[in-house]
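Just dropping this structure here.
When the chains are written out, they are named A, B, C and D in that same order, and each has its own residue count from 1.
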Amino acid sequence: MAILKTLLYLLVYPGFIFIFVYSTFCEWFDRKVFARLQNRMGPTHTGRFGLLQPVADFVKLLAKEDVVPDLADKRLFNMLPVFGLAIVSTAMLLLPVWHFDPLASSSTSFSGDIIILLYILSLPTLIFFLAGWTSTSYFSTIGGSRVLTMLFGYEVPLFLAVLGPAIMAGSWRLAEIAAFFQHKPLLLLPNLLGFAIAIICLQAKLERTPFDIPHAETEIVGGTFTEYSGKKLALFRLMTDVEMVAGSGLLATVFLGGFPGGLWLGLLWFVVKTLFIIFILSLIRALTSRIRIDQVVSFAWRYLAPLAVLQLLIVILLKGFIL
Amino acid sequence: MNDAQIIERVAALLGEKVTDITNPSVRRIYTKAEPQNVSSVLAVLKDSLGFTYLATITGVDLGENFEVIYHLANEYTNLNVRTQIPKADPHLGSVCGVIPGAILYERELQDMFGIVVDNIPDPRRLVLPDDWPEGQYPLRKDWKFQRPEEKIPGGKTS
Amino acid sequence: MKFTVPIGPQHPALKEPISLRMTLEGEVIRDADIRLGYNHRGLEKLAEEKTYLQNIYLTERICGICSHSHTSCFVQAAEKLLEVEPPKRGVYLRYLVAELERVHSHLLWLGVAGHEAGFDTFFMYTWRDREVVMDILETISGNRVHYSINTLGGVRRDIDEAQRQHILGSLDILRRRTEYYLHIGANEPTFVGRLAGVGYLSKEQAVALCAVGPTARASDVARDVRKDDPYGMYAEVPFEVSTAQSCDVLGRTVVRVKELMQSYNIIEFLLKNLPDGPVAVRSPRRAKPGEAIGRYEAPRGENIHYLKSNGTDKPERLKVRAPTLGNYAATIEMLKSGFVADIPLIFAAIDPCICCAERTVTLVNGRTGEENIVTMSQLRAQAQERFKSAPMKKDAVWPF
Amino acid sequence: MKIAAFLPELLRHLFKKPATVDYPFQKLVPPKGFRGTPFLHPELCIVCRACERDCPAEAIEILTVDEAEKKFKMIIHNDRCIHCAQCVDSCPTTPKAMDIDQLFEISAFSRWDLKHEWVFVKAVVKPKAAPAAPPASSATPS
């Protein structure tokens, strides 16, 4: 019975099927919002309101020819998409949405899981870099180097920003942080600055405008994914979607008070809060133009990092004097 | 400055280096120079009258001769310096020293008319494809294009 | 380590085939080389086999965006040779379409600039509003792209009062929207950050390299054929030559937006002072031997057609110089020591119309010199060899 | 410099109807005078061949079927047609024998499907209609 339950967890909910369905839904939501902000229609015809369009794209890519460059390291080149998808799916498991005991730690919810989650979420960037670098194409190489350069820009502010609520709640466990803010929702307000910083960093992590520099199509064609095609590209795209859900889930847990209310209500909160964050991400995407790589780094270190430190200071002072 | 004044200045500055200054319509001045003088004529026009802008160089096949026309312009008028070179021995001096932008047009002349531009900084082929046969100059009048017979694949589908 | 990255002939930033070869050091461009010739159609030779009337439609096909500019330029020259004077209403309508085309072309460019800078929303909105002017053009000429409104001795279609009012009404929308885009363009920090200071071309360079159109005007060279050589009725129309002093892509954007405002004024003037009378006169089919030059300020810069007749109904020689060609030398200068990210923007900033420029010319930048012309197969073999002997992974240096 | 200058405009459009049209299901109507595909009114054609001569794309071909019966065949090669409507302008008859329709969805699976032909008897010019040369047409035979 326990094995069956584990299998159910792994494969259906919150495992692969749920991840696949929900992340494709999020991609649809993102595309639709982006289109409507631009006064366009967006996906319309596949399924009701075009809901199945991301799935259709996925299936289409699966059926496409798969080309591997001659000079690429074939084993690495082939494994990277699978690794990437596995990594971000693991990140999904750590979100305190479903099976966790608020009091006892378990394999999916334990003290320090916020660190693990942040660590896991920084791995896709390395996967992207390796994907670009092993492709050996000029465009991919430039894209790969841009991925890593950007990583140095946004990762530190993101960590600092996420640190704030954790310090305030005095816990390194996502479930406990969420529970803390569910009890004292007003304390979310001092963290708004951190939330804004984290949103911007998440946008950079997901490589969306204005930070879509590693795969800026008008400059370096497909960037890191130039040489990827067929199934591998499909997996990479799915991976980006899942990463988007995982990242917004992390922000929702830390900054928006998590997902209270058991299985079904928790799921509803999860959907509402992640969609809210994805909506903000889409808005930023529609609102800005792509910036240059040097501008990203200088922006991150000149504005984001100091602001994140300031946020941390505010939190520490609050914690020390008021609470 | 109107056309008459410019013609006056051109005649005064260049003397007998240019002949046949005509002004068939408003702001269109044509003049003629010997091929060996073109470069110096353009230099004088550029420095003294502000004809810094070379719009293009046109080649025309006149049968016995090639006519080469340098279309210059300043803010008042358009001045065209023409020169003729024999088709049998088509040699022309480069004007790239005076107007660097002329190189494109000179290389085009080389390709299309088979005019040899002396002292051209970069004599590579410009217009025609790399596998174009030597000695074929498409814009010469004796070069005829044979239109291939049109072949439409398939048949009626409906 | 330096490496050469091919941008094109097929590349998402390019709407038409052209090959830019960028020698890069990390993200910095050290050398640029432009190659054309993927779109050559032998048009000048073909023009010698067609009558003057047919050549109007042939020259229209030089370009898909500024189609009217080439026909107007050709018709200007041909009318001189055929000794016909178009009636005044015809002239007004011809340049009304010309200004509408300038509006559509500049709005198109604004969208393309947004797209190249990764600002897709801006692109979508400008192109949506461009539909207004496209619809006007379709209504008055019968087609969205190839208006075919010019004929020898005037224009082919008249506009009626309802159309006149419709255009005047649409101008209000266009004015409002253009002001709004100017506001967005000047205020959106990410967009301004991408445009300002990029693709510097000094005034001296612009003059020396014979740059034309908005590229030259953004470098403070007030070169505009409509003012210098007022063809048609431009001598009667009040307008200003828009210039900018910043010499960069932002300046080129500002010049184009200013020109849009000027074009709206010109269109309004033309419509309010539209003379009565016929729109065309009959033209002879044969021209006396002679030669004529048509100069025209296309949206991208000066367009020049040289036409020589020989007494028949077909021209002896037609020479076409499209504005984009005149700007290539300047582009190479602008690209140097820019960033990879700026390539599409700088290149787009001259508003390249490759098929205009390529009707005759293939260009390899003379400066790099040492490269020999080789056949495509040789080149491919060389490239593969070079690639095998020095794979990227081994000697690539970290760019930052 | 203003952060998020575009935001009000974007949010306003979030709930507006899209500016684009759901094309195959919804079609825009081309304006009056749109240049579609040329066609012939065979009963009006006087076989002056002005259209054949002026067509810049060589898309019109007039063949003689039977000289004695004055039977002719006109083929319009729509696969070459550039839709300039010069043939309509060149046509000297009133009403015009060459005409143009408003269709814009004219793609076909084969270029052969695009060729249209008419076999007709040459129309007799009524003496009254002959001098009515259209003023706007520079292309009337000189």
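Assume a residue touches a chain if its C-beta (ideal position, glycine included) is under 8 Å from a C-beta of that chain, and two chains touch if they have at least 3 such contacts.
Quick caveat: nothing in here was measured; it's all calculated off a predicted structure.
Considering the contact criterion stated above, the chains in touch with chain B and with chain D alike are C. If you compare C-D with A-D, the chain pair joined by more contacting C-beta pairs is C-D.
In this assembly, A is the chain whose CA centroid lies farthest from the centroid of chain C. For the pair chain A and chain B, the distance between C-alpha centroids works out to 61 Å. With centres taken as mean Cα positions, chain D sits 28 Å from chain C. Centre-to-centre, using mean CA coordinates, chain A is 55 Å away from chain D. Taking each chain's centre as the average of its CA atoms, chain A and chain C sit 43 Å apart.
Counting partner chains per residue, chain B shows two or more touched chains at no residue at all. Taken residue by residue, chain A touches two or more other chains at 37-40, 286-287, whereas all remaining positions touch fewer. Residues of chain C found to touch two or more other chains are 121-122, 125, 128, 188. In terms of which chains touch, the assembly is arranged in some other way, matching none of the line, ring, star or all-to-all patterns.
Here the chains touching each other pair up as A-C, A-D, B-C, B-D, C-D. Residues of chain B touching chain C in their complex: 24-25, 27-28, 30, 52-56, 58, 60-61, 69, 71, 73-78, 80, 99-101, 103-104, 108, 112, 121-122, 124-131, 138-139, 145. Taken together, the chain A residues at the contact with chain D in this complex read 33, 35-41, 44, 283, 286-287. On the side of chain C, the complex with chain A involves touching residues 3, 5-6, 11-13, 24, 26-27, 114-122, 124-125, 128, 188, 190-191, 193-194, 339-344, 387-388, 391-393, 396, 398-400. Per the touch definition, chain A reaches chain C in the complex via residues 37-40, 71, 133-134, 136-139, 141-142, 145-146, 149, 209-210, 212-213, 216-221, 286-295.
Of all the residues in chain C, the ones that touch chain D in their complex are 50-51, 53-58, 60-61, 121-122, 125, 128, 131, 135, 138-139, 142-143, 146, 148, 151-154, 156-158, 180, 183-184, 187-189, 192, 278-285.
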